[in-house]
Amino acid sequence: MDYQSILNEIAEEIAPLLNDGKVANYIPALAQVKPNQFAMTLTLFDGTQHSIGQSDTLFSIQSISKVFTFTLALKFFSTDLYKRISREPSGNPFNSLVQLEYEHGKPRNPFINAGAIIVTDTLINHFGSCELACKDILEFIREISDDLSINSNDVVSTSEMEHGHRNLALANLMKSFNNLDNKVEDVVSTYFKHCALEMNTKMLSRSMLYLANHGSDPITKQCFITPSQAKRINAVMLTCGHYDASGDFAFRVGLPGKSGVGGGIVAVVPKLMGIAVWSPGLNAQGNSLVGTKALELFTDKTGLSIF
Amino acid sequence: MDYQSILNEIAEEIAPLLNDGKVANYIPALAQVKPNQFAMTLTLFDGTQHSIGQSDTLFSIQSISKVFTFTLALKFFSTDLYKRISREPSGNPFNSLVQLEYEHGKPRNPFINAGAIIVTDTLINHFGSCELACKDILEFIREISDDLSINSNDVVSTSEMEHGHRNLALANLMKSFNNLDNKVEDVVSTYFKHCALEMNTKMLSRSMLYLANHGSDPITKQCFITPSQAKRINAVMLTCGHYDASGDFAFRVGLPGKSGVGGGIVAVVPKLMGIAVWSPGLNAQGNSLVGTKALELFTDKTGLSIF
Amino acid sequence: MDYQSILNEIAEEIAPLLNDGKVANYIPALAQVKPNQFAMTLTLFDGTQHSIGQSDTLFSIQSISKVFTFTLALKFFSTDLYKRISREPSGNPFNSLVQLEYEHGKPRNPFINAGAIIVTDTLINHFGSCELACKDILEFIREISDDLSINSNDVVSTSEMEHGHRNLALANLMKSFNNLDNKVEDVVSTYFKHCALEMNTKMLSRSMLYLANHGSDPITKQCFITPSQAKRINAVMLTCGHYDASGDFAFRVGLPGKSGVGGGIVAVVPKLMGIAVWSPGLNAQGNSLVGTKALELFTDKTGLSIF
Amino acid sequence: MDYQSILNEIAEEIAPLLNDGKVANYIPALAQVKPNQFAMTLTLFDGTQHSIGQSDTLFSIQSISKVFTFTLALKFFSTDLYKRISREPSGNPFNSLVQLEYEHGKPRNPFINAGAIIVTDTLINHFGSCELACKDILEFIREISDDLSINSNDVVSTSEMEHGHRNLALANLMKSFNNLDNKVEDVVSTYFKHCALEMNTKMLSRSMLYLANHGSDPITKQCFITPSQAKRINAVMLTCGHYDASGDFAFRVGLPGKSGVGGGIVAVVPKLMGIAVWSPGLNAQGNSLVGTKALELFTDKTGLSIF
């Protein structure tokens, strides 16, 4: 298939929508990003990349980091992880406390904030400290992205901590249900640090290859998780990857994917490629408006939906 | 692949679980079914069928009928349907009124009871009367199953109506929000009639071929819906097909599927086959316990998960 | 105290507000009432009445009837009644299904719709049929009001039944939890019949004397309920009598009271008098806007709040 | 009335229940209290006190302090306070986050935890710092209790802070809705400090006189708040003073009152007296089991219910 032509077509078709979304504005560091930017990259199993737009521009990956921390937690704790976290769609906004209270502090899935905070808590347990957890999460992301230059933006993570009262509420609520081992502030600040990682669409699409390839990197041949674990991460991405718009994303795009409020979305075409798209303007559910549209156009044009 | 051997293995492995589930007991007609029954059938695109167990035994398809009515409603009303119904997982039990009240009478998706009642309402509008709707829904199901013997069990549907207060509550609530055109009793009794259809796993796996094949029957070549509609029905089955255990089903099985409280489950392997499995004992979420396990074993053994 | 002068003052002070409320419009029969009407009557223990405004004009008492049916149910079933109904404020709108589902079909109190439907169900049980229940409820109300002319408006009750889908939803939900003995339609139509009773403020203020006087009529000396029961009905009126504005009514008025969407409100000054006020325009919580204000002025001017 | 004999009778009648309740055990300092203790004191307008039981034993007043801080906030901010806090019963447990999320961070009333945290926040604003707020709240309580020996127990407040994750969750949630001006930790620790005040039933019943006497101390003649404010505090105590058992308390006791998890309850007989009762064993709703019973017996025997 001529992927480059398809990317060109997509770029043309999404152009009129570039000003329709709304950039996340809850922290200054994110609010300053210019809305009308766009990038998309496909990475194939042999390492070939096809890109369009500002595919070298770094942006805040935010909740996309939840895929990586979930991968590590699953690797270290296997099914024990599900004692502290479920794997069902929430049917609620990403930061809702309602369901968490009814369900006694056990989050619905690892891709809503409460779930990712639990995942972070398990990783602090595993690595022994917040600092080690941060260091080793970063190392893992550099490894699967094959890029040592990736770093976290301290201005963003500090700013999130200052405005992160909703996440502190979630963490305190889970702590009150004895579902958090470490100190609330420690877990939340570690969580914010990996949310503040900066990557571009080239790095992110590259980082998805292990999920497209049964848990192993098709280029380096390194095995990160079992095929069964990879398949299950994809399943959770499909059912829960876009908060309360996960059904709509599955419906329109038909690929496992995960979005972040920085405007990035990653997606996986099993056995074929990793995809990343970026455009900072968000739709009402907090997912990249143009990014979602671009992925929808991609599966329409290529027939590469899993359905 | 030697499908028959795989089915044999599955039958052996699920045998110890045959008494673990609980048969649906809210109406006498369903409660009388013997729990330790099992059947599974695969139907390939050329019509070849592989079966194990009581694959000729008829059972009440119950909520599996929602796939067929959703197909017809989508065919007749296309995207207009989504004005009255969403396509998001509910994060709630199949008959909950809570979300329906907060969301002003618009059901989360066509596969929870409230959603299927709306779908039925649209079909009564389209066909002009309850009688015609019943007749034409039945005809469609006979057509895609290639079996004229399929019928509804009046004892079951009458019994459901007598004990159907929860569904009447849902329908009245939607009516109070002006999201129901026809009379409450008419819509609910029509809904119960197509839930009371009786089929076996041979018929049901055959009936899934149009969803596996982009909307067209691979044998008769008849086109029922567009490829895009077929893909989207599969997506909604994956995210919403098993009520509040949809995430778990996607996680364990990894195929679009739909269950019914009669113990049946249908599943779709895109571009390859339709599957039906039956065992009356249900798990805590109201899905066939052994049926879910059998499908999990199937994708584990064949690698045919979509992820 | 010069009650007549106080009523005159009140009438003057509420005059500018007479067009601020919104007449209930969910059924045609209620929607036709002219909004800018007002009446208020005090009835003392010796039968003396002080009135202002259209105190002879009949209006639909609607939910005020819940006080009378609760009285009868308490009289016949005593504390057994609380097995099927609680006595806590709901913290929710008058017709919400949410709490009812979480609390397994047991209504919060007898003054929300679900609770009054249960009360009606117990009265049908007690009297033996819907017809007898209707007849005997009416007789009781005529007795405590000392007025044989009181009647129900069939146009209103029929119209309510036609538009009563929310109440049918509540009743079906409770039926599904086995908390309704009689047929859903029978109970709800009986409920609508006593809601459709027509009275004026003279009758209604007279009807409150037994609650102001420990359960006995201070004029006829007839004893209806025990002092303890009367005290407890007053307590439930105070905490639950105005739906989700009960706290506000206690705060501003400080008297046990009950409102109806027809614009009427009854109130009790223990050991002193019964009060009724009427003005059809409602506030956002569905209580008479001018009626609430008039009662607030009354306790401010007289110091007759119970606090 | 011979109040002392009545108290003697009550002590006798509650004796068999003294081991039925469950002492609050969420912090060690409270869990150590012996359960089978009981005290009750009435304070009349001339200062006469009638007591029974351990009426000199100090206990942690906990949520009773919410009455005092609400009084001060109302004094300083008058109706402006209601921009940040409502006055409706919650229909939910005392520490629920559900309603707070649906209602965008505005607590239902000043007597649930979230509401008292907002009240504390306004007092920090008024007094200028946490330290001054603590000092002046203490001074006010000493003044209305006419007892300079009252103090806070630092072991209790420190322990509460260490286990106060639910309250930190509430405060963070309100902060995320911009309904908290000061730092989360500062407000919550100030809140815990006034909850940890230690008083006995003599002090507490004395402290209620201003609420029984239209806002002024009947002994010292000092005026603390307006008659209208006093009446309204009593109304809020009646509708909201016992969390999700407020309706039951109004029903059984029929007096404005406020309970604390330390086992204390204060109550007001308007125009007559202040009451305090203490017994550490709690019922399922978190109110003193024996204390509630003692107050119920008191109004039954004296007829002093407001209804």
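Read from first to last, the chains carry the letters A, B, C and D; within each, the first residue is number 1.
By definition in this document, a residue touches a chain if its C-beta (ideal position, glycine included) is under 8 Å from a C-beta of that chain, and two chains touch if they have at least 3 such contacts.
Keep in mind that what you see is a predicted model, and the values were worked out from it rather than measured.
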Of all the other chains, whose mean CA position lies farthest from subunit B? D
Type of subunit A:subunit D copy interface by residue overlap (half), same or different: same
Report the chain pair from A-D, B-C or A-B that duplicates the C-D interface, where duplication means over half of the contact pairs agree by residue number. A-B
Between subunit A and subunit B, centroid-to-centroid distance (C-alpha), Å: 32
Per the centroid of Cα atoms for each chain, what is the distance between subunit B and subunit D, given in Å? 55
If you average the CA atoms of subunit A and of subunit D, how far apart do the two points sit, in angstrom? 47
Residues in subunit B with touches to at least two other chains are numbered none
Per the contact definition, I'd like the list of subunit D residues that touch subunit C in the complex. 86-92, 99, 108-109, 228, 230-232, 234-236, 238-240, 244-248, 250-251, 254, 256, 270, 300, 305-307
Quick check: in the complex, which residue numbers of subunit C touch subunit B? 96-98, 101-102, 165-166, 168-170, 172-173, 175-176, 184
